[in-house]
Amino acid sequence: MGLQSYIEQRKADKSLLVMAHVVCGYPSFEANMAELEIMAEAGVDLVELQFPFSEPSADGPLFVRANEMSLQNGTTVNDCFEFMAAVTARFPFKVLMMGYYNTVFKLGEEQFLRRLKAAGGVGYILPDLPIEEAGSLHALSAELGLEPIILMTPTNSDERLAQLAAAARGFVYVVARKGVTGSKTQMGDDVAALVARCRAHTDLPLGVGFGISDRSDMEYLRGHADMAIVGTAALRAWEQGGAEQLRQFFSDLVAA
Amino acid sequence: MGLQSYIEQRKADKSLLVMAHVVCGYPSFEANMAELEIMAEAGVDLVELQFPFSEPSADGPLFVRANEMSLQNGTTVNDCFEFMAAVTARFPFKVLMMGYYNTVFKLGEEQFLRRLKAAGGVGYILPDLPIEEAGSLHALSAELGLEPIILMTPTNSDERLAQLAAAARGFVYVVARKGVTGSKTQMGDDVAALVARCRAHTDLPLGVGFGISDRSDMEYLRGHADMAIVGTAALRAWEQGGAEQLRQFFSDLVAA
Amino acid sequence: MNLFDFSNGKEGYYGQYGGVFLPEILQATVNELLECFRQCKSDPTFWAEFVELMQNYSGRPTPITHMANLSAHLGGAQIYVKREDLNHTGSHKINNVIGQGLLCKRLGKSRVIAETGAGQHGFATATMAAKFGLDCTIYMGAVDVARQRPNVFWMENMGAQVVAVQDGQKTLKDAINEAMRDWVTNMADTHYVLGTACGPHPFPEMVSWFQSIVGQEARAQMLEQTGRLPDRIYACVGGGSNAMGIFQGFFDDDVELIGCEAGGHGAGSSLHAARLAYNDASVGIAQGFKTYFLQNDQGNMNETHSIAAGLDYIGINPILAYLWEQDKVRFLAATDDEVREALKLTMRTEGLIPALETTHAFAKAIEEAPSMGKDEIILINQSGRADKDIFTVAEALDDNKWKEFIKTKAAQYQQERQ
Amino acid sequence: MNLFDFSNGKEGYYGQYGGVFLPEILQATVNELLECFRQCKSDPTFWAEFVELMQNYSGRPTPITHMANLSAHLGGAQIYVKREDLNHTGSHKINNVIGQGLLCKRLGKSRVIAETGAGQHGFATATMAAKFGLDCTIYMGAVDVARQRPNVFWMENMGAQVVAVQDGQKTLKDAINEAMRDWVTNMADTHYVLGTACGPHPFPEMVSWFQSIVGQEARAQMLEQTGRLPDRIYACVGGGSNAMGIFQGFFDDDVELIGCEAGGHGAGSSLHAARLAYNDASVGIAQGFKTYFLQNDQGNMNETHSIAAGLDYIGINPILAYLWEQDKVRFLAATDDEVREALKLTMRTEGLIPALETTHAFAKAIEEAPSMGKDEIILINQSGRADKDIFTVAEALDDNKWKEFIKTKAAQYQQERQ
């Protein structure tokens, strides 16, 4: 079953899906597993596993540090794939690779995709790989049945949104605002208008990310989007209060 | 009696006269008086009393410091003249003012000469006043019977020596070598040749100065010059061993 | 040779190097920049305005100086030096910065941001921002802020805000990442003044274009002063902007071009920043573009090292990577030790104080000049001066009197407070 | 106006100021110098060689920069700046030094000596000596050596011997005395490169002549850039060399010339170095010439003070003293506080960092510009840049972050030793 169908299916029971995020190897793979356990309990629908990179220029401070610490811990690409395999074997949610293109490039596009597939991942998010540069990777992905997640952003023109839509598979990641991950986004007319513009260009499900941090954000998104993408807020909860606070965070978040 | 006659008279009994040097007010006027007492005992023939100046650029390190300390002690031009009056009243040797032209200029040339005369001085040595700039001062001096001491140096051409000779009065101060006061001069053919060149241009007595420091210098000068001019070496003796060492210094120096 | 004719190939690519690898959110901004740059490039009044400003504000044209003593001392080729150190703010960085400042005005933006390592580029950008009345934020690794306080002092006094970046190695590449993060947030009113000919297209082309003023002048000056072109040109290569600047004047000539990288502790030491001269780098994608990077097999960047902060960078200009591959530019590396010796020799024989970055080019020219003929000519690009960076030089030369002086100063400051 | 036509009066005198007051031992040396200088002055190839060297080595002509922001901020006259700060070594001092270097070669001498206060002149002289292959000794007051270690560091690295002078106030004037003492000893092979237009004839004339390149360029540039001459020209005055340099271009024009002295703590404070703008100086003879000196009634020199070491001098150029007496040059003094404010304003509005000396001229121009018409023009001579002298500026601005940085550095150096 493709990602799009999976999302649509889950949406039958839920007004708003949730995609969560974990930086592989930070603070440790064991901790990652514990976090994922909590996310699974909370009924999270999709998870991005970020492969750490030394130059995470699209990430905000918390993730930057997480990338850095993970690499200091010695995390390798191999570790990440192995972890992904364990995660996909254990949990019901679907898993995406998230990271930077150099990780893919160094491994070789084909090799990367084969390993991703073998680890049970369904696709990937590479924020520094624009569609112009993604031709061969997308083609190979189609062959292998893996889905590139495309980002649509508030600065894109309609023309550009159409181009992005043409390349998008699975769902579209709607970037709620300018900036990097991590700081709070004021949900309001801007977000609604952006989602509407994206919707005009694609029939794929729309996930909205960047700055989703509490139940009120969820409430706002319900009806506008198909999925809320939660990153930094969850990591912050974990860093501040470990498993307990993370559990609290998700139960607050998903309480309808 | 003019300075020239005085020197010639003294030379009747001595093969080499001695001119000594004191920086007024360093270390104190009392100390100056004690030094002069010793010089008088040793039969010194002439003394330069240096009026301290803040920019003694023709002096060597010891005198530079002496000038500086004297000014720090508060020595004024007035003090120097008063001291000169006391010195000329007390000792048999003749006294010259030595210093820089600004001291004269600030007081006014005429006023300076009148006070010098009143204090019993017979002339002056102003190393930074070249003959080109000395016209009015020399003219006034002639009127008042005071004598400008002119320096002849190893770098002067014959033409220049002739010009200097024309302005010289009393005696000629032969600068034994390049440089400032203070460091040792190697007595030898150079000095002899210089004295001979000076002698060719003037009938005035010749005093040789710069670096005269011991009996062997005196011996060398005997027969070449009329007078040895002793500055730094005496001050060094005083600074190192006070009255006793200064007495020793002069008795060594003048012992025939 | 027109490197910038992309009509037959991929826009912004030089062979396989270059491109744009940026978050989608910047797509419009980079397009707007590219379009504006294209307009500027095809508008002769823009270049004329640029040249005039460089003349009136920065003192261009900078001269070519014959190093008669150094040449005689080495006994080989005649060495000439292009004096970018005489620019206002003391390096070639101002060429790029003023150019981008003019462009920023055409873009209608009121704020500039920049990364800086050694501080030269930040200093130049803060200066330009003061001159153009732009708001200015400079990102600088925290380690560099601590090392380069003098430059921070001047930047702040020219009204710039200097942000100490606490991520990663806390040096240049981390400052670039942080500047990117600012840009993806504030692109509406903010132009990112990248300091070297790296990063996503059109930066390598654009920075090279502004720096081409160096090579244009140099070619004409060499012909005028010596009646011929040089046999070899040496330029240090951090990101590659000063090298591209001077090399461009001579691409169609029979002149050997030599890029001089930071050899640090030497080949095999891993403590260096030689991407092409040594064998440690490989092709990758980071900081918005594709080129040779000093990275591990996982695609994560290595720690680099150089005596010269401005050469201490993981990647290299994609155009130079391409030209190197085509054997059009030779690459060498100068070690820290060679640089120390070359600096001392240059100061003593010629009264020039090249920046430590620049001295890498001097070091290699000094090494090769003796085996060249006396009628051959070397041209070195003196990309900057070091008199502003005394801490760097005094520490590089391990000068004890300097260290004593600093201790005395510290004691004096301590006492003042009491 | 030909100030240097002595055929009707006394050679080397400007009104009652100037002359030669030196020990007889130097008479021949000074004559030889005068003669050589006369030959150079009447030999067009000498000036041509000088200009060429200044172009190829030092980057002349230096530009004129319009301070559009500062002018708008002040709301009065349009302010232009002559950029002597862009010279190699960072100030106008190099003009004089290169000129005297060429002359030294004509004299056939192999060694140069110089005094220095702020260090600029010593730095320039050491540079020239390296370039010309001359031995070099720099005399510097011990207080200044301690204050200006950065400049000492560069001088030593360019092969000069720096002697810390322990006499007197241990500052500039004492360094001059000590250089004189060297000269009376070593005149056979040594030329004394006096750093400003003071001292015995022919130095005031000679230094002014070399510096006249500034005014020559400036006049032509102002006509070219603005189509007219400035209404007023401001220059700081220590010994007077940069002021003479720029003023000479405009003596025959209807341009008001303003000399800006060091007002230190202000009129009446006695902590200043304003010889003409305040009433504390009187005519005297010291350091080889006659002019206004800050001296007491005994003819001994006063202690002087300025935030800018290069203006902190007891005497003034005799030509300027004469021109002031003739109402041809107006004199003002800028206080330390005014200088601090002017420096901050200039950095922020224009991205220029004038030397503290230079900033005295900026301060007075800034004070007077608002009451001038918008169509009037001010020209300031930017005699130097301060980026090399960060200790001086950071201390002048009492910058705490700087002081903390120095303490950290000191601790780091201390640790390295252990």
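Order of writing sets the labels: A, B, C and D. Residues in every chain begin at 1.
Basically, contacts are C-beta pairs under 8 Å (C-beta built on N, C-alpha and C of every residue); 3 or more make two chains touch, one makes a residue touch a chain.
Here the structure is a predicted model, which is why all the values come from computation and not from measurement.
Colleague: Taking each chain's centre as the mean position of its Cα atoms, how many Å separate subunit B from subunit C?
Modeller: 66
Colleague: I'd like the Å distance between the centres of subunit C and subunit D, where a centre is the mean of that chain's Cα atoms.
Modeller: Subunit C and subunit D have C-alpha centres separated by 33 Å.
Colleague: Determine the centre-to-centre distance between subunit B and subunit D, using the mean Cα coordinates as centres, and give it in whole Å.
Modeller: Going by mean C-alpha positions, subunit B sits 38 Å from subunit D.
Colleague: Which positions in subunit B touch two or more other chains at once?
Modeller: Within subunit B, no residue touches at least two other chains.
Colleague: Which residues does subunit D have that touch at least 2 chains other than itself?
Modeller: Residue numbers touching two or more other chains: none in subunit D.
Colleague: Among line, ring, star, complete and other, which best matches the way these chains touch?
Modeller: Shape = line; chains linked end to end, path left open.
Colleague: Among all the chains shown, which pairs meet the touch rule set out at the top?
Modeller: Touching chain pairs, listed by label, come out as A-C, B-D, C-D.
Colleague: Quick one: which bits of subunit D touch subunit B in the complex? Just the residue numbers, please.
Modeller: Answer in residue numbers: 19-29, 167-168, 173, 176-177, 180-181, 184-188, 282-288, 295, 297-301.
Colleague: Could you pull out which subunit D residues touch subunit C in their complex?
Modeller: The contact residues of subunit D facing subunit C are 55-59, 62-66, 69, 83, 86-90, 126-131, 133, 146, 149-150, 152-154, 157-159, 225, 344, 347-351, 353, 387-388, 390-391, 394, 397, 399, 401-403, 405-411, 413-414, 416.
Colleague: Which stretch or stretches of subunit A touch subunit C in the complex?
Modeller: 52-58, 60-61, 64-65, 68, 71, 76-77, 100-103, 105-107, 127-130, 132-133, 150-157, 160, 164, 175, 178-180
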